[in-house]
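Note that chain A is present in both complexes that follow, paired respectively with chain B and with chain C.
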Partner chain A sequence: MLELKRALDAKGHCLLEMPSGTGKTTTLLSLIVAYMKAHPLDLTKLVYCSRTVPEIEKVMEELRKLMNYYEKEMGMEQNILGLALSSRKNLCIHPSVSKEREGKVVDGRCYSLTASFVRARHAADDAVPICEFYEGFDAHGKEFPLPPGVYNLDDLKEYGQTKRWCPYFLARHTITHANIVVYSYHYLLDPKIAEVVSKEISKSSVVVFDEAHNIDNVCIDSMSVKITKRLLDKCSNSITILETTISNMKENDSKRLEKEYKRLVEGLRDATIARETDMALVNPVLPSEILEEAVPGTIRTAEHFVAFLKRVVEYIKTRLRVQHVVQESPAGFLRDIHTKVCIDRKPLRFTAERLASLIRTLEISDLTDFSPLVTVSHFATLVSTYTKGFTIIIEPFEDRAPTVSNPILYFSCLDSSIAIKPVFNRFQTVVITSGTLSPLDMYPKILDFHPVIMTSFTMTLARPCILPMIVSKGNDQVAMSSRYETREDTAVIRNYGNLLVEVAAAVPDGIVCFFTSYLYLETIVSSWYDQGIIDQLQRHKLLFIETQDAAETSLALINYIKACDNGRGAVLLSVARGKVSEGIDFDHHLGRAVLMFGIPYVYTQSRILRARLEYLRDQFQIRENDFLTFDAMRHAAQCLGRCMRGKTDYGIMVLADKRFSRADKRSKLPKWIQEHLKDTNCNLSTEECVQICKRWLRQMAQPFSREDQLGISLLTLEQLQSEEMQKKILQRAQGV
Partner chain B sequence: MDDYQTCPKCKTTKYRNPAMVLMVNACGHALCESCVELLFAKGSGACPECKCPLRRNNFRVQLFEDPAVDKEVDIRKRILKEFNKRQEDFPTLREYNDYLEEVETIIFNLVFDIDPTNTNKMIDNYKKENKDITQKNRNRQSQEEMELEELLEAEKAQQCEKANLYVNAELEEKKQKHKAREKLIDELMFSDADAKSIVASHVQATSALAKEQPKAAAQPSSGVVKSSKFSSGIQIGLRGQHTNSFLPIPKQEDLPLYRYTAPVFDYDGPPPPPIEKLGKLNYFANIRAANITERAGGYTEAMSCCRALQEALGGLFYSPQLTHKTAVLATNPSTQDTDDMETT
Partner chain C sequence: MADEDETKEYRWESGYEKTWEAIKEDDDGLLESNVADLVARAKRKRAALKATGAIQLGMMRHLFVVVDASACMFLQDLKPTRFLCVLKLLEVFVHEFFDLNPISQLGILTTKMKRSEQITVLAGNQKKHIEALQQLKDLSCEGEPSLQNSLERAMNGLKNMPAHSSREILVLFGSLTTCDPGDIQKTIKSLKDNNIRVSIIGLAAEVRICREIAKKTGGTYNVLIDDYHLKELILNQVQPPAVVGSMEASLVKMGFPGGTPIVNDGTSDSSADHAPAYCLCHIESETSSLMGPNGYNCPQCGSRYCELPVECKQCGLTLVSAPHLARSYHHLFPIKPFIERVQDRETTHCFACAKPFVEAETNVYECETCNQIVCLDCDLFIREILHTCPGCASDPVTAQMKTN
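Then we have the complex of A and B:
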């Protein structure tokens, strides 16, 4: 809290690592809300970004608790408005549209009911369907602001139902004057969405990125484009649709096309006006100086533009017809497209904007069919706008199946700072936080910003709740390692198996194991079958395995939880970087032990990764090995953190690889794990590991009450106000 | 991937004849290579689809999936050779854009055969009017192209440089390691100094080198000047001194090799007879000899005898006058050591 306050005072960015389950969310919320109350002019808004819908709901729950507490203590209604925002899919209350499962379909159908031309048509002809909720909101909702309070997604829906207003648009509208907004990363990081949703958030806001250990990957994904052959075929189809619509319109209603044409001749003025409000988010897809220019003459008329699109698509198709892997820079691509199909850089840059304008003019209400074309147009715009930090890789087939031709064009962003830069520039304070951010000094480098505060917090615990151990060898003294050279070694696989069997015999309830990849998991499990290890294991616990199929995995998870709940005990074999490792908590009996078999390095042969490593090396002087280790260790830490979700929880963390005990790997673990990792536990054999487990478990299984924590990790009000404690706090505040 | 490509004349598909190549001519209709040879044996003929007269020489391999695009690109290239005015030739952007649109319309008309007489007239007019500019522009690249060329060249140069740099750095590192090792061996072989001190100085030298290297690598790259203070007055590097969070990632350093030193035993009593001499001193007379099965496991009667003697003699000189602390220190290792002895 102290560090956060410093960052807020300094109006700078900060990077905080706090172990999960220690009240991270509450701390952030309570301090920032208090700060907002104390300095209403300096700090007007809190934007809290989380990753998934359940996490958003959790944050809202915490916020509600906080507000209730304020009310109880202060004795009056609080004038603070907090709300959650999610996609239309989660917020729609239209009777038929909300039944749709897919987000894209809901968006498309909503657009077809609420677009301005549809409503105009409805005014002329009652048979054209519109959304009554949106109409209700449009007619009345804009004048009456939402009363102060905390609204999660369900509350919004309920409120919408009673008022008969559309909750989605209500929430979007309310963002501008709400004090606390909770939504997903993408609303801020993805330039295409940020443009629409987050444009009007003022500069004096605090942005919090929670669970942000993967933030660089989110940034990169939001700027990358992947084009397949099928996507291009669909593009060709939509181009034909465009052609026919244009010719139809020319016959029936040529006025509208003319109007659009005139507007384009004048330049994209309407967009410029919106941009003049200084605080608008700079869209990295189109720098504002370009928008001020008029659309180039080559793509001004609709037919010419469609012909232009056709050429672009056909050109990409020819590029996909390669026999070997091609890697080139955006500049090379631009030159090639100029010589092959005579397309200049400038019109390419306007593709996305021009397509949006055309679709609007043509009044195409079903947007879902056009998403491939939109993707291609984004690609065209990006490739011509950025010459640095991107690369184009064309692979004629997948590495695993070199005989099946499946050409894919990857336009991949190599620089995670491009997407996040506008966020850092625009807001006075950006807080990046997660349970596992170590090593902290990597993030400022790859995101290219200067934090004022960068700290890793540890837990104050009444007892040693976690037991991290590095097991480096089996009972036969053969080193355990998932190194490429030794991973197929039967001795290593057997040792891994023995370790699991022995730990399973000693540890009660649930055990979660993480492997480095699906491939490795499968090979290991199949050889465990041959070696009889699976049978031994099943004598102690039930066995569940994560697969690439999401449905199968969730079924396995449900049964795993069932087996743990009824005391049978279970082992879950899963994959680091998989679904289980991110976002599923194994608290208390669900995860008494986590085993990490090997170091989860990424697949280093991937060309995109290679390109990115090279870029990092050239631009930020980050050595390949440093980045790979950093990436592997943050995933390892993420997996280990799954079993520890609070102060009353306890769990064993076994790192089964010789390489973990090296200083460069160990020092990259989060501080709260390192703290408990004693030197004596760094080079254990299976037998020693099991001995330590047994002793520790006996100690941990003692009854643990709230009184035990008092004075150490939990303070009563009297203790907090005692002189000794106050002195301690003061010392901390001045000393650090 | 293009299995469904079909020749409109002979209906051969790419699937049936992978060697089939489609060709296009000015009219934008495709024909396979063998059909072209068959139909245009005389050198010229009519397109089987649109009946427009074509020459055989003008047939080219079809690049794009849609032959219409091939045709358009063809026309476009031809037209752009003439219509090559740059933005610099116009006073305002608006006029340039109008010009671009005009060009686009001409191309569009030619592709779809709209109003051919007028269009051709327009082209001819333009040709006459702008002969000089066209000629001039042909020889000069547009600004945009130049920019791109520059970028590409810079990229290439950078790549070369970087590759060289890293290869050299790696080689250098290897060389240095090799050198250091050779130097160490040489010194150990020829110098008169104490081997220990030589090894120690070698370890020091290598660690110093390792520290220097990252600095050297970082130096050429640190183009950005980093300020030491934020606008708020908080120092950037300050916190690092206290919390380690700003320290560079610790590099794994080569540890010195483990060297064995014989343990020194302190019996705190009269030295027991060494294990080799037990037989001679006739100690075995009072002990049961080891049987065959015991010997198979590596056990000899000397072991237990030696151990018994050590236990008997160890600690005889122990006096309670010594302070408690030292006494514990003195006795503890001795018991452990006897354990060690018994196995040797």
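Then we have the complex of A and C:
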């Protein structure tokens, strides 16, 4: 809290690592809200970005508690408006649209009911369907702001139902004057969405990125484009549709096309004005130079533009017809496209903007069909805008199936700082926080910013409630490692199996295991099956396996939870970097132990990764190995952190790889894990590990009440005010 | 040193012991010493809870003991094996149980191979239970246990017990898994509906479902640290639990059969009562022989029993003897808890054991009525065994008030 306050005072960015379940969210919220109350001029808004919808809901719950407390203590209504924003899919209350399962379909149908020309048409002809909720909002909602309070997604929906206003647009509208906004990363980082949603957020805001250990990957994903052959085929279809619509329109309503043409001649000057007044968040896809220019003449008329698009798509198609892997820079790509199909850089840059304009003019209401074309246009704009920090990789086939031709063009962003840069530049304070951010110094480098505060906190606990251990060898003293050379060794696989069986016999309820990859998981499970280890395991617990299929995995998860709940006990085999390792908490009995089989290095043969490593080395002076280890260890820490979700929780963490005990790996674990990782627990055999587990589990099972924590990890008001305690706290704060 | 070790266990049988760690962790102020501290405090808390006086205790208890006999009971972390250790302690428990709860009944179940087996039916005869326990020692432990099956079985046995008695199940659970045929939540619910308390003692680690069962049915859940702790945990179950609300208070009809007759000199009118007869406890077993004149006759139907307390097989009357009731009496009027206070310089000796107070123990305990001060050990001893305060008893004024 102290550190956070310092960062707020300095109006700088900060990087905080706090173990999960220690009240991270509450701390952030309560301090920032208090700060907002104390200095209403310096700090006007809190933007809290989280990852998933359940996480957003959790944040809202915390906020509600905080507000209730304020109300109780201050005895009056609080003038603070907090709300959550999510996609249309989660907020729609239209009777038929909200039944749709896929987000894209909901967006498309919503657009077809609410776009301005649809509504104009409705005014002329009652038969054209529109959304009554949007109409209601448009008619009344804009004048009446939401009353102060805390609104989560359900509250918004309910409010929308009673007023018959569309909750989604209501929330979008309210963002501009709400004090606290909670939404997903993408609304801020993905330039395509940020443009629409977040551009009006004022400069004096605090932005918090929670669970931000993967923030660089999010940044990169939001700027990268992947084009497959199927996508291009769909593009060709869309272009044909465009052509027919244009020719139809020419016959019926040529005026509109002319109007559009004129507007384009005037250029995007309006946008420039908006930017000068600092109203809009800088869109990195559309650098400011573009705005000052008019759309080039070659693509101004609709037919020319469609022909132009056709050429681009055909060109990419020919590029995909390769027999070997091609890697080139955007500059090389531009030169090639110029010589082959005579397309200049300049019109390419306007593709995205021009396409959006065309679609608006043509009054195409169903956007879902056009998403492939939009992707290609984004690609064209990005490739011509950025010459640095990106690379183009064309792979004729996948590595796993070298005989099947499946050409893919990756336009991959190598520099995670590009997407996040506008966020850092725009907002006065950006807080990046997570349970696992170690090693901290890597993040400022790869995101290219200068934090004023960078701290890792540990937990104050009344009992040692995590037990990290590094198991390096089996009972037969054969070293355990997932190293490439020993990966196939049956002795290693058997030792891993024995470790799991013995731990399963000693640990109650749920155990989660993480492997380095799906491939490795499959080979190991099949050889365990041959060795009879699976049979032994099933005597103690049921076995569930995460697969790449999301539906299958969630079914496995449901049954895993069931098995843990009714006492049968279960083992879940999953993959680091998979869905399970990222989003799902295994608190209390669901995860009494986590086993990490091997170090989760990323697949180093991937060309995208190679390109990125090279770029990092050249631009930021980060050695390849450092980055790989950093990436592996943060994923390992993330997996380990799954089992520990609060002070009353306890869990065993087993790192089963010889290499974990090396200093360069060990020191990269979060501080709150390192603190409990004693030297004596760093080089254990399976049997020693099980012995320690048993003893520790018995100690942890002893009754543990609130009184035991008082004075150590919980403080009463009197204790907090006592002088002795304050000294202690001060010491700790300085020690950190 | 070596001798001491031998009495406990062989060196090669014991687990990895890192003796140097025990010392180090004391310095931390964490772990071992901390846990030991927790245990001591819990002990005291339990004792205090029991003795608050205001709560009503169940005098008539019906208790099923479920013993896990699955494969994991052969583990040797308790010596010689978990199973033998538990059986041994159960013998002590049965003895103590009937000593403290003379008009209660007890039954034993085991669970293994996903099934549950009844070893003894609910009965008040401690000899039979102890015999059965001794026979169990030869049982082989195999397969997985089934918590649900054994709870259902115990519930069926307890369901029809009179409402004024407390119904309890004590599970000694070594396994970390349970193999159940159906939804255990339903079982928990019907246990609750039937007002059955389930207490569980875990032998390995905290299992969530056990904690849930214990919590929902109002029982306790504990996990042992070592065999001494286990003994303590098991013996804690000897004390009758507080009655949970809804138990109906009712008058219970009881019979007090006459004691062992004086040698028959013909003067007694009731010579018919003491004619040799088969006793009903043993009439079904093949080895039964005609009893002599000794034994207890039911005052209602005249059936003969060789031991008390017992429920008459003919007319269903509960037969007890007066001393039994007297021993149960202290549950109804437990002594008030002693007040914990910091040791001051004035009193240097414990009133009960007359030992000087040691520096290490800072707390002493004072009786509310007689203001005598005792040490922690004596406090526990008085509460658990004596059931009477030596200070009050030796004070002529209060003692006389009591007799009056």
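Please note the rule applied: the second predicted complex is superposed on the first by the 723 of 736 C-alpha atoms of A that agree within 3 Å, B and C clash if a C-alpha of one lies under 4 Å from a C-alpha of the other, contacts with A are read in each partner's own complex, and residues count from 1 in each chain.
We take it that a contact is a pair of C-beta atoms (placed from the backbone, for glycine too) under 8 Å apart; a residue touches a chain by one contact, two chains touch by 3 or more.
None of these values were measured; they are calculated from a predicted model.
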Inset, instruction - Please determine whether it is chain B or chain C that touches the greater number of chain A residues. - result: B
Inset, instruction - Tell me which partner A:Arg610 touches in the superposition: chain B (first), chain C (second), both or neither. - result: neither
Legend entry - Which superposed partner A:Pro703 touches (first chain B, second chain C, both, neither): second
Legend entry - Which superposed partner A:Gly569 touches (first chain B, second chain C, both, neither): second
Inset, instruction - Using the superposition on chain A described above, determine whether A:His186 touches chain B (first), chain C (second), both, or neither. - result: neither
Inset, instruction - For A:His122, decide between first (touching chain B), second (touching chain C), both and neither. - result: neither
Inset, instruction - Have a look at where A:Gly12 lands relative to chain B and chain C in the superposition and call it first, second, both or neither. - result: first
Legend entry - Contact residues common to both interfaces of chain A (with chain B and with chain C): none
Legend entry - Residue numbers on chain B that touch chain A, as the complex places them: 1-2, 63-66, 69, 72-73, 76-77, 80, 93-94, 96-105, 108, 111, 144-145, 148-149, 151-152, 155, 158, 162, 217-218, 221-222, 226, 230-232, 234, 236, 239, 242-243, 245-253
Legend entry - In the complex, chain A residues that touch chain C: 462-464, 505-509, 539-541, 564-569, 588-589, 592, 680, 687-688, 691-692, 694-695, 697-704, 708
Inset, instruction - Write out the stretch or stretches of chain A touching chain B in their complex. - result: 6, 9-12, 229, 236, 265, 293-298, 300-301, 303-304, 307, 310-311, 314-315, 317-318, 321, 329, 331-332, 334-335, 338, 340-342, 344-346, 387, 405, 407, 439-441, 450, 452-456, 617-618, 621, 626, 662-664, 667-668, 736
Inset, instruction - Spell out the part of chain C that touches chain A in their complex, as residue ranges. - result: 15-16, 18, 21, 30-31, 34-35, 38-39, 42, 72, 77, 144, 147, 176-180, 183-185, 202, 204-210, 222-225
